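Please read through the structure below; I'll follow up with questions.
When the chains are written out, they are named A, B and C in that same order, and each has its own residue count from 1.
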Amino acid sequence: MNLTLRVWRQKNANSPGRFETYEARNILEDMSFLEMLDVVNEELIQRGQEPIAFDSDCREGICGMCSLVINGIPHGGRRGTATCQLHMRHFKDGDTITIEPWRARAFPLIKDLVVDRSAFDRIIQAGGFISVNTGGTPDGNAIPVPKPDADAAMDAAACIGCGACVAVCKNASAMLFVAAKVSHLNLLPQGKVEKDRRALNMVRQMDAEGFGNCTVTGSCEAVCPKEISLSFIAKLNRDYGLATLKGK
Amino acid sequence: MTLDSKIPSGPIAQKWDKHRFDLKLVNPANKRKFEILVVGSGLAGASAAATLGELGYRVKCFCFQDSPRRAHSIAAQGGINAAKNYQNDGDSIYRLFYDTIKGGDFRAREANVYRLAQVSVNIIDQCVAQGVPFAREYGGLLANRSFGGAQVSRTFYARGQTGQQLLLGAYQALCRQISLGTVQMYPRTEMLDLVVIDGHAKGIVVRDLISGRISSHAGDAVVLATGGYGNVFFLSTNAKGSNVTATWRAYKKGAFFANPCYTQIHPTCIPVSGEHQSKLTLMSESLRNDGRVWVPKRKEDCGKPPTSIPESDRDYYLERKYPSFGNLAPRDISSRAAKEVCDEGRGVGPGGLGVYLDFADAIRRLGVDKIRERYGNLFDMYEKITGENAYETPMRIYPAVHYTMGGTWVDYNLMSTIPGLFVIGEANFSDHGANRLGASALMQGLADGYFILPYTIGHYFASSKQFRPPTDHPEFRKSEEEIRAMTNRLLSVRGKRTVTSLHRELGKLLWEKCGMARNEAGLREALRRIPELRDEFCRTVNVTGESGELNQALEYAGRVADFMEFAELLCLDALHREESCGGHFRTEHQTPDGEAKRNDDQFAYVAAWEYKGPDRQPEMHREPLIYEEVQMSTRSYK
Amino acid sequence: MKVVTNIFGSSLGKKYVMAISGAVLFLFLIGHLAGNLQIFLGPDVINRYGHLLQSNPELIWPARLFLLLMLVLHVWSAARLTIENRAARPMRYAQYTPLAASYASRTMMMSGLIVFTFIIYHLLHYTVRVKAINLTGQDFAGPEFQTPIKGLIGEHQHDVYRMMIVGFSNFWVSAFYILGMALLSLHLSHGISAMFQSLGWKNRVYGPFLDRAARVVAILIFLGYVSIPVAILLGYGKEAL
């Protein structure tokens, strides 16, 4: 199939960006979206032009490095699918596809479709861990964890930190990410010890990074490649509120 | 130079304890005077950086991804082994040790493997305390599953995302140290050279991938945790960015490279669908617990829809050849068996490069819900990629390059032949011999990072003179100049071919001549073709853009340039090893029924290669493998 | 002090302020509706209710001030959050497909602003009783809207019943009222469930039920309020005109 791409090109953070139009020819339906871009880039290089810069690494939907807002939807809008696992069989010959980077103040643009998501790392550094040093930990079976709690923690921990929740949210809010990270640890007995501190510190950092607020539209849940539930945001709200009431 | 593996004396079960006592310590107050450079932030790198930070060292950690959480350890699906014997099924440290040695086809260093099995139990405790959400039983205790190459259930798992969860545990520990100021993190930064001063590793030269700036970092020791070299084959289950650059450049500075020919081909990957393919996707080995592998008995049936082929016309070749392990035969054996049937022309799918993995029996026996519960995410992934519903039609799978057992040679302390250069995780060669068992890579990465390196690195500091050169030392200047020159060279060619096309050509050559089955003629052919291809790369590569900006084409070109050199060493090692063992199968050396034939008399050693200069043959050094504890035997899974 | 900064300084805290003030205003809406619906029980009942409220300023004024404070907090938090949310995405998407987000959730600010305008009009209309805006030419504060209190000779009370009948018999007033209630209902259909979410009183088990319940309650409130102008326009209470 042949496609027309409208791709956001921007040399760096300081120069203005614009859409460029490219033809993607002879695209096979077995190709992934990123492989389609690889094909376009190969042609660009052969013509001596600079290829489109975009992030990707594992290309199997787990590292969270790939991004791209495709036709107005982060990761292209197939349920539970990251861009690297989106395949061209979901597009039709002759389609025009608009490709934009994640847009949020907290994710400054680096080049073309590549953005800086280090704000997420700083949120984890603010409290997204359990403070144990290596060694001296009790036996793995010393603390029984009820299966439903372990399963719920795993549901939250499945987050790949891609930032699609921020990209899709009309307020560029990072609540789903922060909620997933806080819930993962706060649900487990090991993590309960620092429950209050964690919620307060991570939310403080989230605010400092310049993300927007949650207005509960639910679009984050809908685009999340790991289908993280909005109910974790409720849990974060609860944990933060309780921590606040305790005067922590 | 003779290789000293520094294996402690004494009975195997006491070696590590004894060694830990013998290791010199660094006074806690003095630790902060030492600066350690950790390259890579996967399981090994992140766990090492975090633990060293906790101990009080000053650590700098580098990764080329935009966040340390994205290292490719994250993609490991199945699980992590540990000799906990929680299932009361007869497991023990000794059994894990023995299984790993046997799985590695008696080409691993015995003392290292025993230590790995010992430490495995601490890893689980550590990860649980960090909040890794391992699968649990209803009673609240940890659940286990079984895995290829073992007859006990010792694999701990977190759904199909064990690697992700373990990496997040290590990453979180790392983040804690970053916030405490003991670790400084440098994401989107790629190591391009190792700096050796007075025979000791004293620093690295890196490129900031955003600004393109080349800079130097000096340290008292350098730790490489940069993963394996599977991407030399172009198509592999590795991430797009995985590369050999760090260990290769260390090799060129004097760190011996061991056993590069030991490459693991994973049997259950989604087959290649065309030329455009950029990477291969693994389907967890756990699928083989319930799936049955088959191909049609007759070539003529290969094009037919699989469900129309009657039972009597199907060849369940793994069950036929290995009745006791059946579909759970180890990775190298299953992969080779798939290749064999495809070579006979009985492969299915595009190009005849695939075999069926059929769940029809399991669905009939357990019901579709049970199968969905066990493997739902894998079936979904398969459908995303192929567009086929594996509940109705069998999956098509084919082997793909997955893991590399070879790597930088290290001694028992995980130190390379360059003092002060430590290499951990998949980047070193130490624990898996010629073949790695499933669920053991995560175990090794974390063992090295959490529980081994933090002890042994202190010994190095305590027993050598402390000297940290300034980054304007002539050696740093020289390295930086070399890197700049290399970068400019790549950017100035402006030839006709893209990096990808050259990489793909190299990969194809290696896959054909040095893949699942190798022979002398093919390897010689590869050794003739690789320098030609390298030459073509130098003459015709087209790298666009500039050096002072984010330039992904340039990053990639640098990595492929190293693969072009490394491929030769890989083939050289494969050519010299005149035997078949584990992931290295030489067609000249097989039993009459097609099984690998080891040659213990001549090849029971680690081949460690020393760089001798750009146009000179590297020199091979032998580290004999002496088995004090186990008897070498023929590996049989029949 | 930390409690105060956590609540008024953080993003989550501002959402609590919005949720709690919203909850109070929501409870008021229910009480107010219960009061208004007494119109269907005849003039005596609703006038007695009106008199009860108006003759107890020591109760009614604190309540009014409290509601006003809640309204201010609700509007303040909405304004703060909106400013922050705008700032969080300085560069808009060229193409943007809102996924899963309901119309109500995306238009809270707009529905809120219109409802706010309506509230001001409504207060001037029936509470302050500004003659110029009721469009009927009659003075709701005048003596013609006083009625004798049964059993108390010489005492008068405000004829709430007649005021409502007269007020809503103007088509445009009723139309604006119905529009205001429609937008309020839209606002509530998202607001009620979001309130539970923001306060953390929601989970996967009863969360979906709450979402549905919020929509049902919003519709019921709409029907309840709108039943009055609709009934009057259809001729209910004609005799009082």
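The rule we apply is simple: a residue touches a chain if its C-beta (ideal position, glycine included) is under 8 Å from a C-beta of that chain, and two chains touch if they have at least 3 such contacts.
Just so you know, these numbers come straight off a predicted model, no measurement behind them.
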Next on the checklist: Let me spell it out: compute each chain's centre from its C-alpha atoms, then which one is farthest from chain C's centre?
Outcome noted: B
Checklist outcome for this item: Taking the mean of all protein C-alpha atoms as the centre, the chain whose own C-alpha mean lies closest is A
Next on the checklist: On a C-alpha centroid basis, what's the spacing between chain A and chain B, in Å?
Outcome noted: 27
Checklist entry - What is the distance in Å between the mean C-alpha positions of chain A and chain C? => result 39
Checklist entry - So how far apart, in whole Å, are chain B and chain C when each is placed at the average of its C-alpha atoms? => result 64
Next on the checklist: Could you list, by residue number, the parts of chain B that touch chain A in their complex?
Outcome noted: 47, 50-51, 54, 65-72, 74-75, 84, 86, 122, 124-131, 133-142, 156, 158-159, 161, 163-165, 168, 171-173, 175-176, 178-179, 185, 187, 210, 237, 239-241, 273-274, 276-279, 281-282, 380-381, 384-387, 450-451, 454, 494, 496, 498, 500-501, 542, 544-545, 549-550, 552-553
Next on the checklist: Considering only the defined contacts, which chain C positions touch chain A in the complex?
Outcome noted: 2-3, 6-7, 10-16, 81, 84-85, 87-102, 105-106, 108, 190, 193-194, 196-204, 207
Checklist entry - Which of the residues in chain A end up touching chain B in this complex? => result 11-12, 28-32, 34-35, 38-39, 42, 44-46, 48-51, 53, 55-65, 78, 80-81, 85-87, 89, 110-111, 114, 116-118, 120-121, 124-126, 128-135, 137-141, 143-147, 150-151, 153-154, 157-158, 160-161, 184-185, 188, 190-191
Next on the checklist: Under the definition above, what is the set of chain A residues touching chain C in their complex?
Outcome noted: 6, 8, 19, 69, 71-73, 77, 98, 100, 103-106, 168, 170-173, 200, 203-204, 206-207, 210-219, 221-223, 229-231, 233-241, 244-245, 247-248
